[in-house]
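I have a structure here, written as C-alpha coordinates, and I will follow up with some questions on it.
For reference, chains read A, B and C in written order, and residue numbers begin at 1 within each chain.
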Amino acid sequence: VSDPRLEQLLDIEAIKQVKYRYIRCLDCKEWEEMADCFTEDAVSAYDSGAHAAKGRDTILGFLEDALGRTDIVSLHQVHNPEIELTSSTTAKGRWYLEDTVINPGEAAAALRAHTLLQGAAFYEDEYVKVDGQWKICHTGYQRTWEMQEPLSDDPERHLRSRWHP
Amino acid sequence: VSDPRLEQLLDIEAIKQVKYRYIRCLDCKEWEEMADCFTEDAVSAYDSGAHAAKGRDTILGFLEDALGRTDIVSLHQVHNPEIELTSSTTAKGRWYLEDTVINPGEAAAALRAHTLLQGAAFYEDEYVKVDGQWKICHTGYQRTWEMQEPLSDDPERHLRSRWHP
Amino acid sequence: VSDPRLEQLLDIEAIKQVKYRYIRCLDCKEWEEMADCFTEDAVSAYDSGAHAAKGRDTILGFLEDALGRTDIVSLHQVHNPEIELTSSTTAKGRWYLEDTVINPGEAAAALRAHTLLQGAAFYEDEYVKVDGQWKICHTGYQRTWEMQEPLSDDPERHLRSRWHP
(Lines give C-alpha, C1' and ligand atoms only; values in the text may rest on other atoms or scores of the structure.)
Protein backbone atom coordinates (compact mmCIF):
# COMPACT_ATOMS: atom_id res chain seq x y z
CA VAL A 1 0.00 0.00 0.00
CA SER A 2 1.31 3.36 -0.99
CA ASP A 3 1.99 6.06 1.63
CA PRO A 4 -0.93 8.51 1.51
CA ARG A 5 1.52 11.39 1.74
CA LEU A 6 3.06 10.31 -1.56
CA GLU A 7 -0.41 10.46 -3.11
CA GLN A 8 -0.73 13.96 -1.68
CA LEU A 9 2.59 15.07 -3.18
CA LEU A 10 1.47 13.70 -6.54
CA ASP A 11 -1.88 15.50 -6.32
CA ILE A 12 -0.14 18.75 -5.43
CA GLU A 13 2.18 18.32 -8.40
CA ALA A 14 -0.80 17.69 -10.71
CA ILE A 15 -2.49 20.85 -9.45
CA LYS A 16 0.64 22.87 -10.17
CA GLN A 17 0.65 21.51 -13.71
CA VAL A 18 -2.87 22.78 -14.45
CA LYS A 19 -1.94 26.24 -13.17
CA TYR A 20 1.23 26.26 -15.29
CA ARG A 21 -0.77 25.23 -18.33
CA TYR A 22 -3.30 28.00 -17.72
CA ILE A 23 -0.46 30.55 -17.48
CA ARG A 24 1.24 29.25 -20.61
CA CYS A 25 -2.00 29.41 -22.57
CA LEU A 26 -2.62 32.94 -21.29
CA ASP A 27 0.71 34.39 -22.40
CA CYS A 28 0.78 32.33 -25.62
CA LYS A 29 -2.83 33.37 -26.40
CA GLU A 30 -3.87 29.72 -26.80
CA TRP A 31 -7.50 30.13 -25.83
CA GLU A 32 -8.76 26.75 -27.01
CA GLU A 33 -6.22 24.78 -25.03
CA MET A 34 -6.91 26.97 -22.00
CA ALA A 35 -10.55 25.86 -21.85
CA ASP A 36 -9.43 22.46 -20.65
CA CYS A 37 -7.96 24.02 -17.47
CA PHE A 38 -11.36 25.08 -16.11
CA THR A 39 -14.54 23.34 -15.05
CA GLU A 40 -17.55 24.41 -17.10
CA ASP A 41 -19.04 26.26 -14.11
CA ALA A 42 -15.77 27.89 -13.03
CA VAL A 43 -15.90 31.31 -11.41
CA SER A 44 -13.29 34.05 -11.57
CA ALA A 45 -12.71 37.12 -9.44
CA TYR A 46 -9.62 38.78 -10.86
CA ASP A 47 -8.38 41.94 -9.15
CA SER A 48 -10.46 41.53 -5.98
CA GLY A 49 -13.55 40.85 -8.04
CA ALA A 50 -13.27 43.93 -10.29
CA HIS A 51 -13.15 41.44 -13.16
CA ALA A 52 -15.57 38.76 -12.05
CA ALA A 53 -17.06 36.18 -14.39
CA LYS A 54 -19.22 33.09 -14.07
CA GLY A 55 -18.71 30.14 -16.34
CA ARG A 56 -15.72 28.98 -18.31
CA ASP A 57 -16.82 30.62 -21.55
CA THR A 58 -17.31 33.99 -19.86
CA ILE A 59 -13.88 33.78 -18.21
CA LEU A 60 -12.22 32.89 -21.50
CA GLY A 61 -14.09 35.70 -23.23
CA PHE A 62 -12.86 38.22 -20.67
CA LEU A 63 -9.25 37.06 -20.99
CA GLU A 64 -9.34 37.09 -24.76
CA ASP A 65 -10.86 40.59 -24.73
CA ALA A 66 -8.11 41.78 -22.41
CA LEU A 67 -5.09 40.08 -23.97
CA GLY A 68 -6.18 38.63 -27.30
CA ARG A 69 -4.75 41.41 -29.46
CA THR A 70 -1.40 40.30 -30.85
CA ASP A 71 0.23 43.69 -30.38
CA ILE A 72 -0.27 43.27 -26.62
CA VAL A 73 2.29 41.02 -24.93
CA SER A 74 2.18 39.70 -21.42
CA LEU A 75 4.11 37.82 -18.77
CA HIS A 76 2.25 36.15 -15.91
CA GLN A 77 4.38 34.10 -13.58
CA VAL A 78 3.10 32.44 -10.43
CA HIS A 79 5.26 31.46 -7.50
CA ASN A 80 5.24 30.27 -3.91
CA PRO A 81 2.50 27.67 -4.23
CA GLU A 82 0.72 26.96 -0.96
CA ILE A 83 -1.55 24.08 -2.03
CA GLU A 84 -3.86 22.50 0.53
CA LEU A 85 -5.81 19.33 -0.22
CA THR A 86 -9.24 19.66 1.37
CA SER A 87 -10.51 16.23 0.29
CA SER A 88 -9.43 13.55 -2.16
CA THR A 89 -11.00 15.58 -5.00
CA THR A 90 -10.86 19.20 -3.82
CA ALA A 91 -8.05 21.61 -3.01
CA LYS A 92 -7.22 25.22 -2.32
CA GLY A 93 -4.17 27.05 -3.58
CA ARG A 94 -2.46 30.35 -3.00
CA TRP A 95 0.09 31.69 -5.50
CA TYR A 96 2.15 34.85 -5.72
CA LEU A 97 1.72 36.46 -9.14
CA GLU A 98 4.11 38.77 -10.96
CA ASP A 99 2.75 40.27 -14.16
CA THR A 100 4.03 42.51 -16.89
CA VAL A 101 1.84 43.65 -19.79
CA ILE A 102 3.05 45.80 -22.67
CA ASN A 103 0.38 47.54 -24.71
CA PRO A 104 1.89 49.64 -27.50
CA GLY A 105 -1.55 50.35 -29.01
CA GLU A 106 -5.00 51.57 -28.05
CA ALA A 107 -6.58 50.96 -24.66
CA ALA A 108 -8.01 47.47 -24.04
CA ALA A 109 -10.15 46.39 -21.10
CA ALA A 110 -8.34 47.61 -17.95
CA LEU A 111 -5.19 48.48 -19.91
CA ARG A 112 -4.41 52.08 -20.77
CA ALA A 113 -3.14 52.89 -24.26
CA HIS A 114 0.60 52.91 -24.99
CA THR A 115 1.36 51.52 -21.56
CA LEU A 116 3.70 49.31 -19.60
CA LEU A 117 1.93 47.61 -16.70
CA GLN A 118 3.81 45.90 -13.87
CA GLY A 119 2.23 44.41 -10.82
CA ALA A 120 1.95 41.76 -8.19
CA ALA A 121 -0.93 39.91 -6.56
CA PHE A 122 -1.86 36.90 -4.49
CA TYR A 123 -4.11 34.35 -6.17
CA GLU A 124 -6.63 32.31 -4.18
CA ASP A 125 -7.78 29.33 -6.24
CA GLU A 126 -9.98 26.31 -5.76
CA TYR A 127 -9.49 23.09 -7.66
CA VAL A 128 -11.56 19.99 -8.22
CA LYS A 129 -10.55 16.57 -9.56
CA VAL A 130 -12.90 15.45 -12.35
CA ASP A 131 -12.39 12.06 -14.00
CA GLY A 132 -8.85 11.95 -12.64
CA GLN A 133 -7.88 15.42 -13.89
CA TRP A 134 -7.49 18.48 -11.69
CA LYS A 135 -9.25 21.61 -12.96
CA ILE A 136 -9.68 25.18 -11.73
CA CYS A 137 -13.20 25.81 -10.41
CA HIS A 138 -12.56 29.15 -8.73
CA THR A 139 -9.78 31.66 -9.37
CA GLY A 140 -9.15 35.19 -8.27
CA TYR A 141 -6.46 37.46 -6.97
CA GLN A 142 -5.96 40.48 -4.78
CA ARG A 143 -3.28 42.90 -5.90
CA THR A 144 -0.54 44.09 -3.62
CA TRP A 145 0.23 46.80 -6.19
CA GLU A 146 0.04 47.72 -9.86
CA MET A 147 1.83 50.44 -11.80
CA GLN A 148 0.95 51.57 -15.29
CA GLU A 149 3.24 54.04 -16.99
CA PRO A 150 3.56 55.34 -20.53
CA LEU A 151 5.75 53.27 -22.83
CA SER A 152 8.86 55.08 -23.94
CA ASP A 153 8.57 56.96 -27.25
CA ASP A 154 12.29 56.58 -27.86
CA PRO A 155 12.79 55.33 -31.44
CA GLU A 156 15.47 53.07 -29.95
CA ARG A 157 12.84 51.15 -27.99
CA HIS A 158 12.46 47.83 -29.82
CA LEU A 159 9.70 45.34 -29.10
CA ARG A 160 9.43 42.03 -30.88
CA SER A 161 7.18 39.10 -30.18
CA ARG A 162 6.08 35.69 -31.35
CA TRP A 163 3.28 37.43 -33.27
CA HIS A 164 5.25 40.39 -34.62
CA PRO A 165 8.87 39.28 -35.05
CA VAL B 1 7.97 1.83 7.41
CA SER B 2 8.05 4.93 5.30
CA ASP B 3 10.85 5.57 2.80
CA PRO B 4 13.25 8.08 4.40
CA ARG B 5 13.46 9.91 1.08
CA LEU B 6 9.74 10.64 1.27
CA GLU B 7 10.32 12.16 4.72
CA GLN B 8 13.06 14.27 3.15
CA LEU B 9 10.76 15.48 0.36
CA LEU B 10 8.16 16.43 2.97
CA ASP B 11 10.75 18.29 5.08
CA ILE B 12 11.97 20.17 2.01
CA GLU B 13 8.39 21.11 1.16
CA ALA B 14 7.80 22.34 4.73
CA ILE B 15 10.95 24.49 4.54
CA LYS B 16 9.73 26.04 1.28
CA GLN B 17 6.45 26.90 2.96
CA VAL B 18 8.13 28.90 5.75
CA LYS B 19 10.12 30.87 3.18
CA TYR B 20 6.96 31.55 1.14
CA ARG B 21 5.18 32.72 4.27
CA TYR B 22 8.07 35.05 5.16
CA ILE B 23 7.96 36.55 1.66
CA ARG B 24 4.18 36.97 1.72
CA CYS B 25 4.32 38.69 5.11
CA LEU B 26 7.12 40.96 3.84
CA ASP B 27 5.26 42.23 0.77
CA CYS B 28 1.90 42.33 2.59
CA LYS B 29 3.50 44.17 5.54
CA GLU B 30 2.15 41.57 7.99
CA TRP B 31 4.84 41.95 10.63
CA GLU B 32 3.10 40.03 13.41
CA GLU B 33 2.54 36.92 11.34
CA MET B 34 6.12 37.15 10.08
CA ALA B 35 7.53 36.73 13.60
CA ASP B 36 6.47 33.10 13.57
CA CYS B 37 8.83 32.38 10.65
CA PHE B 38 11.98 33.03 12.71
CA THR B 39 13.59 31.51 15.77
CA GLU B 40 13.93 34.00 18.60
CA ASP B 41 17.73 34.09 18.20
CA ALA B 42 17.67 34.31 14.39
CA VAL B 43 20.44 36.21 12.63
CA SER B 44 20.20 38.14 9.37
CA ALA B 45 22.86 39.37 6.97
CA TYR B 46 20.96 41.03 4.13
CA ASP B 47 23.00 42.49 1.28
CA SER B 48 26.26 40.71 2.16
CA GLY B 49 25.91 41.77 5.78
CA ALA B 50 25.38 45.50 5.08
CA HIS B 51 22.06 45.06 6.90
CA ALA B 52 22.94 42.60 9.66
CA ALA B 53 20.81 42.03 12.72
CA LYS B 54 20.78 39.66 15.68
CA GLY B 55 17.53 38.44 17.15
CA ARG B 56 14.07 38.12 15.66
CA ASP B 57 12.85 41.42 17.03
CA THR B 58 15.80 43.31 15.58
CA ILE B 59 15.31 41.69 12.18
CA LEU B 60 11.61 42.53 12.18
CA GLY B 61 12.39 46.08 13.27
CA PHE B 62 14.82 46.54 10.39
CA LEU B 63 12.33 45.19 7.83
CA GLU B 64 9.50 47.33 9.14
CA ASP B 65 11.76 50.42 9.08
CA ALA B 66 12.70 49.67 5.48
CA LEU B 67 9.31 48.66 4.06
CA GLY B 68 6.67 49.50 6.67
CA ARG B 69 5.51 52.74 5.07
CA THR B 70 2.34 52.08 3.09
CA ASP B 71 3.36 54.35 0.21
CA ILE B 72 6.29 51.99 -0.45
CA VAL B 73 5.37 48.80 -2.33
CA SER B 74 7.55 45.79 -2.89
CA LEU B 75 7.85 42.49 -4.68
CA HIS B 76 10.22 39.83 -3.39
CA GLN B 77 10.08 36.53 -5.17
CA VAL B 78 12.42 33.62 -4.47
CA HIS B 79 13.18 30.85 -6.91
CA ASN B 80 15.44 27.91 -7.62
CA PRO B 81 15.40 26.38 -4.13
CA GLU B 82 18.47 24.27 -3.41
CA ILE B 83 17.53 22.86 0.02
CA GLU B 84 19.92 20.50 1.79
CA LEU B 85 18.94 18.65 4.95
CA THR B 86 21.98 18.56 7.25
CA SER B 87 20.30 16.55 10.02
CA SER B 88 16.75 15.56 10.95
CA THR B 89 16.23 19.05 12.44
CA THR B 90 18.60 21.32 10.51
CA ALA B 91 18.88 22.40 6.89
CA LYS B 92 20.55 24.85 4.54
CA GLY B 93 18.88 26.55 1.63
CA ARG B 94 19.90 28.65 -1.32
CA TRP B 95 17.32 30.75 -3.21
CA TYR B 96 17.50 33.13 -6.15
CA LEU B 97 15.76 36.41 -5.28
CA GLU B 98 14.21 38.93 -7.64
CA ASP B 99 13.07 42.14 -5.99
CA THR B 100 11.31 45.30 -7.06
CA VAL B 101 10.64 48.18 -4.68
CA ILE B 102 8.77 51.35 -5.60
CA ASN B 103 9.25 54.31 -3.30
CA PRO B 104 7.28 57.34 -4.50
CA GLY B 105 8.10 59.30 -1.31
CA GLU B 106 11.02 60.29 0.86
CA ALA B 107 14.14 58.16 1.34
CA ALA B 108 13.80 55.21 3.73
CA ALA B 109 16.64 53.03 5.01
CA ALA B 110 18.68 51.98 1.94
CA LEU B 111 16.03 53.29 -0.46
CA ARG B 112 16.52 56.59 -2.25
CA ALA B 113 13.59 58.98 -2.50
CA HIS B 114 11.20 58.82 -5.49
CA THR B 115 12.86 55.67 -6.73
CA LEU B 116 12.29 52.40 -8.54
CA LEU B 117 14.65 49.67 -7.31
CA GLN B 118 15.17 46.43 -9.20
CA GLY B 119 17.63 43.77 -8.26
CA ALA B 120 18.66 40.17 -7.86
CA ALA B 121 20.50 38.22 -5.19
CA PHE B 122 21.25 34.75 -3.91
CA TYR B 123 19.98 33.96 -0.44
CA GLU B 124 21.85 31.58 1.88
CA ASP B 125 19.58 30.47 4.72
CA GLU B 126 19.74 28.08 7.63
CA TYR B 127 16.67 26.42 9.09
CA VAL B 128 15.93 24.52 12.26
CA LYS B 129 12.95 22.32 13.17
CA VAL B 130 11.49 23.33 16.55
CA ASP B 131 8.52 21.40 17.97
CA GLY B 132 7.79 20.00 14.52
CA GLN B 133 7.86 23.38 12.75
CA TRP B 134 10.67 24.58 10.49
CA LYS B 135 11.88 28.12 11.19
CA ILE B 136 14.54 30.42 9.77
CA CYS B 137 17.53 30.74 12.13
CA HIS B 138 19.92 32.45 9.71
CA THR B 139 19.16 34.42 6.55
CA GLY B 140 21.20 36.59 4.27
CA TYR B 141 21.84 37.31 0.64
CA GLN B 142 24.55 38.47 -1.68
CA ARG B 143 23.43 40.66 -4.57
CA THR B 144 24.35 39.94 -8.13
CA TRP B 145 23.15 43.46 -9.00
CA GLU B 146 20.83 46.27 -7.98
CA MET B 147 19.65 49.29 -9.94
CA GLN B 148 17.88 52.29 -8.47
CA GLU B 149 16.52 54.90 -10.85
CA PRO B 150 14.21 57.88 -10.45
CA LEU B 151 10.52 57.11 -10.78
CA SER B 152 8.92 58.71 -13.79
CA ASP B 153 7.36 62.15 -13.17
CA ASP B 154 4.91 61.57 -16.01
CA PRO B 155 1.40 62.46 -14.80
CA GLU B 156 0.28 59.37 -16.72
CA ARG B 157 2.22 57.13 -14.34
CA HIS B 158 -0.39 55.47 -12.12
CA LEU B 159 0.43 53.48 -9.02
CA ARG B 160 -2.21 51.83 -6.89
CA SER B 161 -1.83 49.39 -4.05
CA ARG B 162 -3.64 47.42 -1.39
CA TRP B 163 -2.99 50.35 0.97
CA HIS B 164 -3.74 53.22 -1.43
CA PRO B 165 -6.29 52.00 -3.98
CA VAL C 1 10.47 -2.06 -2.60
CA SER C 2 10.23 1.65 -3.19
CA ASP C 3 7.25 3.14 -5.03
CA PRO C 4 8.39 3.92 -8.60
CA ARG C 5 6.55 7.24 -8.40
CA LEU C 6 8.81 8.30 -5.55
CA GLU C 7 11.81 7.55 -7.78
CA GLN C 8 10.19 9.71 -10.44
CA LEU C 9 9.69 12.60 -8.03
CA LEU C 10 13.35 12.32 -7.01
CA ASP C 11 14.51 12.26 -10.65
CA ILE C 12 12.38 15.32 -11.43
CA GLU C 13 13.86 17.12 -8.43
CA ALA C 14 17.40 16.23 -9.58
CA ILE C 15 16.64 17.60 -13.06
CA LYS C 16 15.41 20.86 -11.55
CA GLN C 17 18.68 21.14 -9.63
CA VAL C 18 20.83 20.98 -12.77
CA LYS C 19 18.72 23.70 -14.39
CA TYR C 20 18.99 25.89 -11.28
CA ARG C 21 22.74 25.38 -11.24
CA TYR C 22 23.01 26.34 -14.91
CA ILE C 23 21.01 29.53 -14.25
CA ARG C 24 23.09 30.42 -11.18
CA CYS C 25 26.33 29.93 -13.10
CA LEU C 26 24.98 32.05 -15.98
CA ASP C 27 24.08 35.08 -13.85
CA CYS C 28 27.14 34.69 -11.59
CA LYS C 29 29.41 34.30 -14.68
CA GLU C 30 30.84 31.05 -13.31
CA TRP C 31 31.69 29.46 -16.64
CA GLU C 32 33.86 26.62 -15.33
CA GLU C 33 31.22 25.30 -12.95
CA MET C 34 28.62 25.63 -15.69
CA ALA C 35 30.44 23.13 -17.90
CA ASP C 36 29.40 20.32 -15.56
CA CYS C 37 25.71 20.98 -16.36
CA PHE C 38 26.03 19.88 -19.98
CA THR C 39 26.94 16.71 -21.79
CA GLU C 40 29.98 17.10 -23.99
CA ASP C 41 27.86 16.82 -27.16
CA ALA C 42 25.07 19.12 -25.93
CA VAL C 43 23.20 21.21 -28.47
CA SER C 44 21.65 24.63 -27.94
CA ALA C 45 19.04 26.55 -29.90
CA TYR C 46 18.50 29.77 -28.00
CA ASP C 47 15.94 32.22 -29.37
CA SER C 48 14.28 29.77 -31.78
CA GLY C 49 17.67 28.69 -33.07
CA ALA C 50 18.98 32.20 -33.83
CA HIS C 51 21.78 31.34 -31.40
CA ALA C 52 22.43 27.69 -32.12
CA ALA C 53 25.56 25.87 -31.07
CA LYS C 54 26.83 22.29 -31.12
CA GLY C 55 28.99 20.99 -28.32
CA ARG C 56 29.41 22.08 -24.74
CA ASP C 57 32.47 24.21 -25.43
CA THR C 58 30.72 26.10 -28.22
CA ILE C 59 27.67 26.74 -26.04
CA LEU C 60 29.83 28.01 -23.19
CA GLY C 61 31.78 30.20 -25.61
CA PHE C 62 28.60 31.78 -26.92
CA LEU C 63 27.28 32.48 -23.42
CA GLU C 64 30.57 33.94 -22.25
CA ASP C 65 30.73 36.14 -25.37
CA ALA C 66 27.21 37.38 -24.69
CA LEU C 67 27.35 37.87 -20.92
CA GLY C 68 30.98 37.53 -19.84
CA ARG C 69 31.71 41.27 -19.58
CA THR C 70 31.44 42.32 -15.94
CA ASP C 71 29.71 45.60 -16.74
CA ILE C 72 26.79 43.56 -18.14
CA VAL C 73 24.46 42.14 -15.48
CA SER C 74 21.67 39.66 -15.99
CA LEU C 75 18.77 37.90 -14.37
CA HIS C 76 17.47 34.64 -15.80
CA GLN C 77 14.76 32.95 -13.80
CA VAL C 78 12.93 29.82 -14.89
CA HIS C 79 9.52 28.80 -13.68
CA ASN C 80 6.63 26.42 -14.24
CA PRO C 81 8.65 23.25 -14.76
CA GLU C 82 6.81 20.65 -16.82
CA ILE C 83 9.30 17.75 -16.60
CA GLU C 84 8.47 14.47 -18.31
CA LEU C 85 10.57 11.35 -17.79
CA THR C 86 10.81 9.54 -21.12
CA SER C 87 12.91 6.61 -19.80
CA SER C 88 14.93 5.84 -16.68
CA THR C 89 17.79 7.94 -18.09
CA THR C 90 16.13 10.50 -20.38
CA ALA C 91 13.70 13.34 -19.85
CA LYS C 92 12.13 16.38 -21.46
CA GLY C 93 11.43 19.66 -19.72
CA ARG C 94 9.59 22.86 -20.44
CA TRP C 95 10.29 26.01 -18.42
CA TYR C 96 8.97 29.55 -18.54
CA LEU C 97 11.86 32.03 -18.61
CA GLU C 98 11.90 35.64 -17.47
CA ASP C 99 15.07 37.53 -18.28
CA THR C 100 16.46 40.98 -17.66
CA VAL C 101 19.82 42.11 -18.99
CA ILE C 102 21.38 45.50 -18.32
CA ASN C 103 24.16 46.58 -20.65
CA PRO C 104 25.48 50.02 -19.74
CA GLY C 105 28.35 49.75 -22.25
CA GLU C 106 29.02 48.88 -25.86
CA ALA C 107 26.96 46.41 -27.87
CA ALA C 108 27.69 42.72 -27.21
CA ALA C 109 26.36 39.77 -29.25
CA ALA C 110 22.57 40.29 -29.57
CA LEU C 111 22.58 43.12 -27.00
CA ARG C 112 22.39 46.71 -28.13
CA ALA C 113 24.65 49.29 -26.46
CA HIS C 114 23.46 51.16 -23.37
CA THR C 115 20.35 49.02 -23.15
CA LEU C 116 17.87 47.45 -20.78
CA LEU C 117 16.50 44.16 -22.14
CA GLN C 118 13.42 42.47 -20.71
CA GLY C 119 11.80 39.39 -22.08
CA ALA C 120 10.09 36.08 -21.70
CA ALA C 121 10.40 32.71 -23.39
CA PHE C 122 9.55 29.05 -23.13
CA TYR C 123 12.48 26.66 -22.87
CA GLU C 124 12.33 23.15 -24.32
CA ASP C 125 15.13 21.03 -22.87
CA GLU C 126 16.26 17.44 -23.03
CA TYR C 127 18.17 15.77 -20.24
CA VAL C 128 20.14 12.57 -19.92
CA LYS C 129 21.34 10.74 -16.80
CA VAL C 130 25.05 9.90 -17.06
CA ASP C 131 26.76 8.01 -14.22
CA GLY C 132 23.90 8.91 -11.90
CA GLN C 133 23.95 12.62 -12.70
CA TRP C 134 21.38 14.42 -14.84
CA LYS C 135 22.82 16.73 -17.49
CA ILE C 136 21.41 18.97 -20.20
CA CYS C 137 21.90 17.47 -23.67
CA HIS C 138 19.62 19.83 -25.58
CA THR C 139 18.42 23.30 -24.67
CA GLY C 140 16.61 26.04 -26.49
CA TYR C 141 13.83 28.51 -26.13
CA GLN C 142 11.23 30.34 -28.16
CA ARG C 143 10.51 33.88 -27.09
CA THR C 144 7.01 35.15 -26.43
CA TRP C 145 8.43 38.69 -26.47
CA GLU C 146 11.53 40.79 -25.92
CA MET C 147 11.89 44.53 -25.42
CA GLN C 148 15.13 46.43 -25.57
CA GLU C 149 15.11 50.10 -24.62
CA PRO C 150 17.80 52.67 -23.93
CA LEU C 151 19.03 52.80 -20.35
CA SER C 152 18.18 56.03 -18.61
CA ASP C 153 20.86 58.74 -18.79
CA ASP C 154 19.65 60.24 -15.53
CA PRO C 155 22.66 60.83 -13.27
CA GLU C 156 20.44 59.54 -10.47
CA ARG C 157 20.34 56.10 -12.03
CA HIS C 158 22.63 53.94 -9.89
CA LEU C 159 23.74 50.46 -10.84
CA ARG C 160 25.93 48.35 -8.62
CA SER C 161 26.88 44.71 -8.95
CA ARG C 162 28.96 41.91 -7.52
CA TRP C 163 31.68 42.89 -9.99
CA HIS C 164 31.44 46.68 -9.66
CA PRO C 165 30.20 47.49 -6.14
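Just so it is clear, a residue touches a chain if its C-beta (ideal position, glycine included) is under 8 Å from a C-beta of that chain, and two chains touch if they have at least 3 such contacts.
In this text, all values refer to a predicted model and were calculated from it rather than measured experimentally.
Shared residue numbers account for under half of those found at the interface formed by chain A and chain C, and the copies are therefore classed as meeting with different residues. In the Cα superposition of chain A onto chain B, the rotation angle, rounded to steps of 5, is 120 degrees. Mean C-alpha position of chain A lies 24 Å from that of chain C. Residue positions of chain A touching 2 or more other chains, listed in rising order: 3, 6, 9, 79, 98. Within the complex, the chain A residues that touch chain B are 3, 5-6, 9, 79-82, 96, 98, 112, 118, 120, 122, 142-150. Listed in rising order, the residues of chain C touching chain B in the complex are 2-3, 6, 9-10, 13, 17, 20-21, 23-24, 27-28, 73, 75, 77-79, 98, 100, 102, 152, 154, 156-162.
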